[in-house]
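What follows are several structures.
The following pair of complexes shares a single chain, chain A, combined with chain B in the former and chain C in the latter.
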Partner chain A sequence: MIDKYDAIVIGAGHNGLVCSALLAKAGKNVLVLEANDQVGGAAITREFADGYSVSACAHLLYKMQPQVEKDLNLNINLASDNLSTIVLSEVGEHVTYCGNKVTGVNESDQKNFAEFFKRMTRFSDLLNTYLNKPPPRLGTKNKKDLFTLAMLGFDLRRMGKVEMREFLRLIGMNIYDELDERFESPLLKGGLSLDSVLGTHLGPRSPNTILTYLFRMAGKHGTLSTPKGGMGSVTKAMSDSAKAAGVEIITNAKVKKVIIEKGTATGVELNDGTIYNSEIVVSNADPKKTMLELVGARNVETRFTHRIDNIRMKGNAAKLHIALNKLPTIKGFSESDYSQRILIAPDENYVERAFNSAKYGESSPLPVLEITFPSIKDSSLAPSGCHVMSAVVQYAPYQQKSDWNEEARTNFKNDIFSVLKQHMPDIENCCLSSEILTPLDLEKEFHITGGHWHHGELTLDQFMFVRPVAGSAQYQMPIDGLYLCGAGSHPGGGISGASGRNAAQVILKREKR
Partner chain B sequence: MTPVSINTGRLRSPFYPRLAELDSLNTWHNWAGYSSAEALYCEDMEYFAIRNSTGVFDITPMTKYRITGPDALDYLNRLVTRDMRKIKPGRVAYAIWCDDQGQVIDDGTIFHLREGEYRLCSQERHLAWLTTAAIGFDVTVKEETAEIAALAVQGPTSYSVLKNMGIDGLDSLKPFGLIHHQIFGTELMVSRTGFTGDLGYELWIDPDKAIDLWDALFAAGKLHGIQAIGTHALDLARKEAGYLAPFEDFLPAETTVRTGRTRSPLEIGMEWLVDFNKDNFNGRRALLKEKAEGSTWRLVKLDIEGNKTADHSYIYADDKKNSDEIGFITSAAWSPVCKQNIALGTVRTPHGKPGDNVWVEVYYQREMHWNRVMAKATVVDKPFWFPARRGMTPPAPF
Partner chain C sequence: MKKYDAIVVGAGHNGLANAAFLAKAGMDVLCVEKNDYIGGAAVSRELYQDWKYSNCSYVCSLLRPEIYRNLELHKHGLQITPYGGSVQFMENGDYFGSYHDPEAAHREMARHSKHDADAYTRYSTDTMRQCRLIRNFLLRTAPDPTSFKPRDIKELMLLGNKFLELGEDRLYEAIRFWTMSVADYLGEYFETDVIKTALSGSGIIGTALGIHSPGTAYVLLHHYMGDVDGNVGSWGFARGGMGAVSNALAGALQSYGGEIRSESGVDQIIVKNNRVQGVALESGEEIYAPVVVSNMDVKRTFLNCMDEKDLPASFYNRIKNFKIRGSSGKLNIALDGMPTFPALPPGSELIGHADMHFIDSMERMERAYDDWKDGTWSKDPYIDCTIPSAVDPTMTPPGKHFMSCFVQYCPAQIEGRAWTSEERDAFTKSVIDQISNYSPDFKDLILHVETRTPQDIEDQIGITEGNIFHGELTMDQLLFNRPVPGYAQYRAPVNGLYMCGSSTHPGGGVMAAPGANAAREILYDLKLKNTVPENFGDD
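Moving on, here comes the complex of A and B:
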């Protein structure tokens, strides 16, 4: 332990690890403080039953930034790559899509899907350029910001008049209308609807769901893979890289507050009273937790506090983990189909209806699911011959009417199982044990306010220039030496490392000044 | 849901029946939703009551907020620019509060009623701001304007009037102090505060006892020249004292639309109220920056030659090479007690340092025709009116 660090990172989530590693590589003495007993934040592998493990939160990699992998010399071992998405049909006539190809639909849908994919990837490529750098500030005279803004305008215009118009038409729109215009197959529309709303408090008819779809496609065009050993192996690789660069990581070190003296962050204090000093404090925690709990309203301005308090970040996705003695039967499934990404979203209205309940504080009686059986390609996750199922279930509102008491949890689990049973009749016989993590559990376990996967809804009013809130988009908080590096800051959620990397860039640039 | 009946008309203060009896001019205006008299019988005579005997002004419309809870002190310390830790129970603080950009929202008085229990009073309503400012604090902000009736009792004989009423503890009550007194089976709060720059007190009581208080007060003051007064008399007195009025000498930041129309505390002569040594207060970052880079505006008190009131006049520098105007007058009056032509104004820095000479372009009308005079003025540092009795404890009896 040293007297004073150059930088302290609060939270060893994947963005915190990326940020700390990059700061250390630039020659800083960096300390990472993690509240839990292992690093990774929500990106960990979790043993939920004896011998059965899954990725605790996100279970698919689709956004990992190549630049982050390169900067950190990460060598992520993939268990599977380029997964297809299969939208289940009760009668076994499933729809499968991967890249710009779709099967199980008519010819016109196939043609339209390729066209849809082409346009969406084009738009998401444009978006992606701006996700991997600090967003420009509006209303500033800073040359770099003005240049980035001009480039954004230029890039838009360069797509051509027709495409630019189309981009501007679509960017605030809902996915439902766009899908309805293009496609006939209910299963395809259901699947794409789910893709657009995964991890958000939005239904396919909510405005802005095209933006969330584009965000998902940004980077790797939605190419899906699973890491060997679950998501924990990714963050393990990150923490190894950070340690190799000289980062000191302390687990079971819950930060009580950021110490602030006359508007400047000078260090942090742990729950046990230990104090660590540093000129730079970087928080991987979400903006609300950072500013309202760790910093405290008294240290920041009123309107700023108000904006932070108003960030919409109530999670709506639950995680279901099942230990299986064998794979359940799915009608019309070949062996290889089981290792793909499987969706239960029979049509776009089904998805919207599932969302309806969530608006009024109830979990969906007929939820939508994103299912994987990661143990098929990764035997380390379950005992030999057995399997695990990892599923994202929507919708499960954070503010459930009954505050997720035992009865509500049991009811929700029963609802999920009856939906599963329609497609996997023998699921109950295969099930050895199961657990469900509601947003409330995610909040408790991973210290994410509201249990929101993205540390804040990904909508236009909380995006780019105004993420987390207006006036603080460039990672620097209105306290000298305090920065955010988590998903609550630009660009947002998903295991990408972009927030952490952008934050590190901003911090290092400040140092040069 | 059953419909709720809301009185959408102008409110009347619990003192209204007594004011109405004394009123012969019928000039009422709207103050924060209440009818408030501009003058009752003669604004000049009402003004002289403040300076020569005792003027009584109904301040019930002053907005009052009760601030309680474990974080009350921390909340206030973040809200206002001065250090509230120094304001002990039984003391009152004049304070200003700013928005995030360090621009003044309003000024007011904060009464530390009892340990951890505060009342904030201001001319304008601020519940929205105070509620927003409470995010992250364990504090309750309660609007109690209508739950307390209040009178300002101001003037050289006010001490004797209140003593006559049987109020104890006035001898040791210093300026910006407060005491609680039992009367009419309820509690009367007496604070040595006011808006006149003179010896004076403010009385705060349950509205049900408002008439009892009025009657007792006027009975006690009968031989001491007690008079009810309206806002015009008070406004003249506050100008003499150099006190600022929102919407005249500065605009509450939350009400402006155009940029550059707000003022920071440093720009309205309130630097003495800004404590950069305390940890944080709203606007601190912006004000530190302003302090380092320099302010745009400066508030000036002007002693103007001649007797033509300089309302809304332009101010020019005393510099032959610079004929541009440097600012304008925001409040002006002929001060009867100082025998001075006085004004408050706002000028661009670096102009307006105490002792500087400036020129004021005064327009005045005589029988329809307009006349113009360029009057020389001097920037003064001290209030125009600051009698020794204002600070004396105990004050002299009459």
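Moving on, here comes the complex of A and C:
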């Protein structure tokens, strides 16, 4: 141990690990402090019942940046790759889509889907370029900012008149109208609606849901995979890479506060009183936790605090884990279908109605689900012959009217099971034990304010130039030496490592000056 | 048969303003109207003996002062009477009033929450700043961002500069304001439900969106960006009802030599070789002109009055998918006297002089929208209720009153089929019952009720789905996207055919800006002298 580090990273989530590894590779002495007893943040594998493990929060990989994998020499072992998405039909006539192909729908829907996919991937590629670099500042005379903005304008124009117009029309629009215009199949529209609203406080009719869809597609065009050993193995690989580069990682080290002297960050203090000094403090925690708890309002200008306080980050996605003695029966399913990504979202209005409840602080009586059985391709997760189900369930608002008391939790669980039973009649017989994590639980376990997996709602008013808040989209906080590197900063959530990588670039540039 | 220089289809306020500017430039203009009265949705109609009903639009503020002055509308009898504030009646028997007088407004707000009373100053400064920004763009043609024409580039730079002038910090605020929901926006300032509710109404009036839908903060501006007598954001009644606005515009048009023909509905816009020839009336008569301007909404213009083969397929398809949704209805009521509202203190200046609302929580506001999404009218609606006769004695016999109730949400169709008469009655009842909850003598004073669902408005005035803005005000249909990308400069894809209704930039409200802007583009194409004011920042 040394008494002064070049940089301290608070939180060993995937972005914190990526950031620390990149800093260490550039020759810095880096210390990572993690509150929990294992690294990974919300990307971990954990046992929830005797012998049964799942990816406890994030459970699918679809945004991992190739550049991050390369920079960190990550060799992620995939259990399954290029998963199809199957939208369940009660009568067994499911709709399946993967890439630009869709089956279970009529010919015109198939043709339109290919067209839709082509356009969306094209727009998401444009978006992706700007997700992987720090956003420019607006309204300044800085040459580099102006250049980036000019490039953005140029890239837009380069798409051609028709596509540029379409981009400008769609970027603020809702997915519902676009789907309605294009497709007939309710299941296809339901599935794509769910894709657009996963992890948000939006319904398919809410404007802005095209943006969330594009964000999902950015990078890998929505190609889904699951890592061998669950999500924890991804962050394990990241932490191995970080350690190999010389990063020191201490777990069970909960940071109490960032030490600030004369407006400059000088280090951190742990709950047990230990103090670590460093000129650079990087927080992988969400912006609210960082600025309001670890830094404290008294150290920041009021207007800035006000903005941080106003960040919308109340989660709506709950996580359901079930230990199964056998796979449940699903009508019309072949063996290989079980290992795909399975959605319960019968139509776009169903998804919208599920969202209605969330607006009033109630959980959806008819929730939408994203289901996987990761143990099929990865036997390490469950005892032989048995299986686990890992599902994202929406909507379960963080601020539930009854504060998620026992009754509310039981009711919600019953609601979920009755929806599941419509498609998997024997699910209750297969279920050995189950666990439900509401956003409140996710907040407790992963220390994410509001339990929001994007660390802040992904809407245009909290995106790019204004993420996390106006005037601080370039990772640097208004305290000298303090940076953000989590999903709360640009570009946002998903296991991509983009925020961590962008932040590391900014920090290293500072060193040069 | 006389040949005109231009024919304007529809004598709504935009059509009349457009025709007036063209006539002022020396063109021989004919404005044709399908109804036997002019004004479109800005009318005063005697639907009950001796009562004048502003039976569609009911208040005036957005009408651009530059147009008012330029066409000398005061000479043609237009007079705007400013009116008070608003009141929110609460379920617990209390009320929340808002007043024109800042001192009274602050005191009343502080009665509900001191915090919010203080926040209001900040709120109103911030919102007015956005207002001032957008006011710059109202009387200008939106640039085409994909074009390399010098005119577009110049305009785009101008637009960009207006944003840059804000400075870095305020620029970010503008981005946020233009994209967020009215509920979130208000949540950043206020903590009291009833105060937020009172302010949120302006974010959804006329739209098929809820207060939680992103993009609704912007809609606030469509109710704040007007002014009466130089007071930005204030509202007024047109003396004699909204028909006075149309009559004044018609007076101006006629004073420049323009003609108006009512009961002359257009059946078809005649096109030959991608060039407009004139119009064919429903009577079979054909009138010719090298320029035809449509004041109708774009769906009606291109889908009903034109041949699909005369239009580019992509354009036709976009128009077909143009969002113009019936989301609001109207009740016009003749009253035997002024109803009492026991929640208000005796002698309160709010009685009859304010917008009255009978909904007091954000949850109720949003639930009203949920009903609409399910294809039915709001069982507990948001009503914007005014009694213009309280300040304008010309509307009713002495001692009697006219009440206008704008009701949201109200779909064009019930679950995809036409309204039945039972459903109309139930809709009427839900409105009257909600008001009666706060006014015990209201029901007994009712002499006559006219109920208008979006379908009725479409049938009478011709606006598709009775949408008051001629098209949703969402980002995908604003500025250079309005009505559809690539055709935001008032020119239709047929030579000589133009659009001047609220489907075009800057959108609806009795503003007359689309009509004026379209006239400027027409005069530009004809190389005639511009008669249209092009203000830049009167603030």
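In this text, the second predicted complex is superposed on the first by the 513 of 513 C-alpha atoms of A that agree within 3 Å, B and C clash if a C-alpha of one lies under 4 Å from a C-alpha of the other, contacts with A are read in each partner's own complex, and residues count from 1 in each chain.
Throughout what follows, a residue touches a chain if its C-beta (ideal position, glycine included) is under 8 Å from a C-beta of that chain, and two chains touch if they have at least 3 such contacts.
Every value quoted in this text rests on a predicted model; they were computed, and no experiment measured them.
By the touch criterion stated above, A:Leu138 is placed in contact with chain C alone, chain B being left untouched.
In the overlay built on the shared chain, the residue A:Ile260 is in contact with chain B alone; chain C does not reach it.
When the two structures are aligned on the shared chain, A:Gln400 is found in touch with neither chain B nor chain C.
In the overlay built on the shared chain, the residue A:Arg165 is in contact with chain C alone; chain B does not reach it. Counting the residues of chain A touched by each of chain B and chain C gives the higher count for C. Overlap of the chain B and chain C interfaces on chain A: residues 306. By the touch criterion stated above, chain A contacts chain B in their complex at residues 260-263, 292, 296-306, 309, 478. By the touch criterion given at the top, residues 137-140, 156-157, 161-162, 164-166, 168-174, 177, 181, 202, 205-208, 306, 310, 312, 349, 352, 356, 359-360, 459-462, 465-466, 470-471 of chain A touch chain C in their complex. Residue ranges on chain C touching chain A, taken from their complex, read 145-146, 163-164, 166-169, 171-173, 175-177, 179-180, 184, 187-188, 209, 212-215, 314, 321, 323, 363, 366-367, 370, 373, 474-476, 480-481, 485-486. Within the complex, the chain B residues that touch chain A are 74-75, 77-79, 99-100, 129, 132-133, 135-137, 279-280, 282-285, 288.
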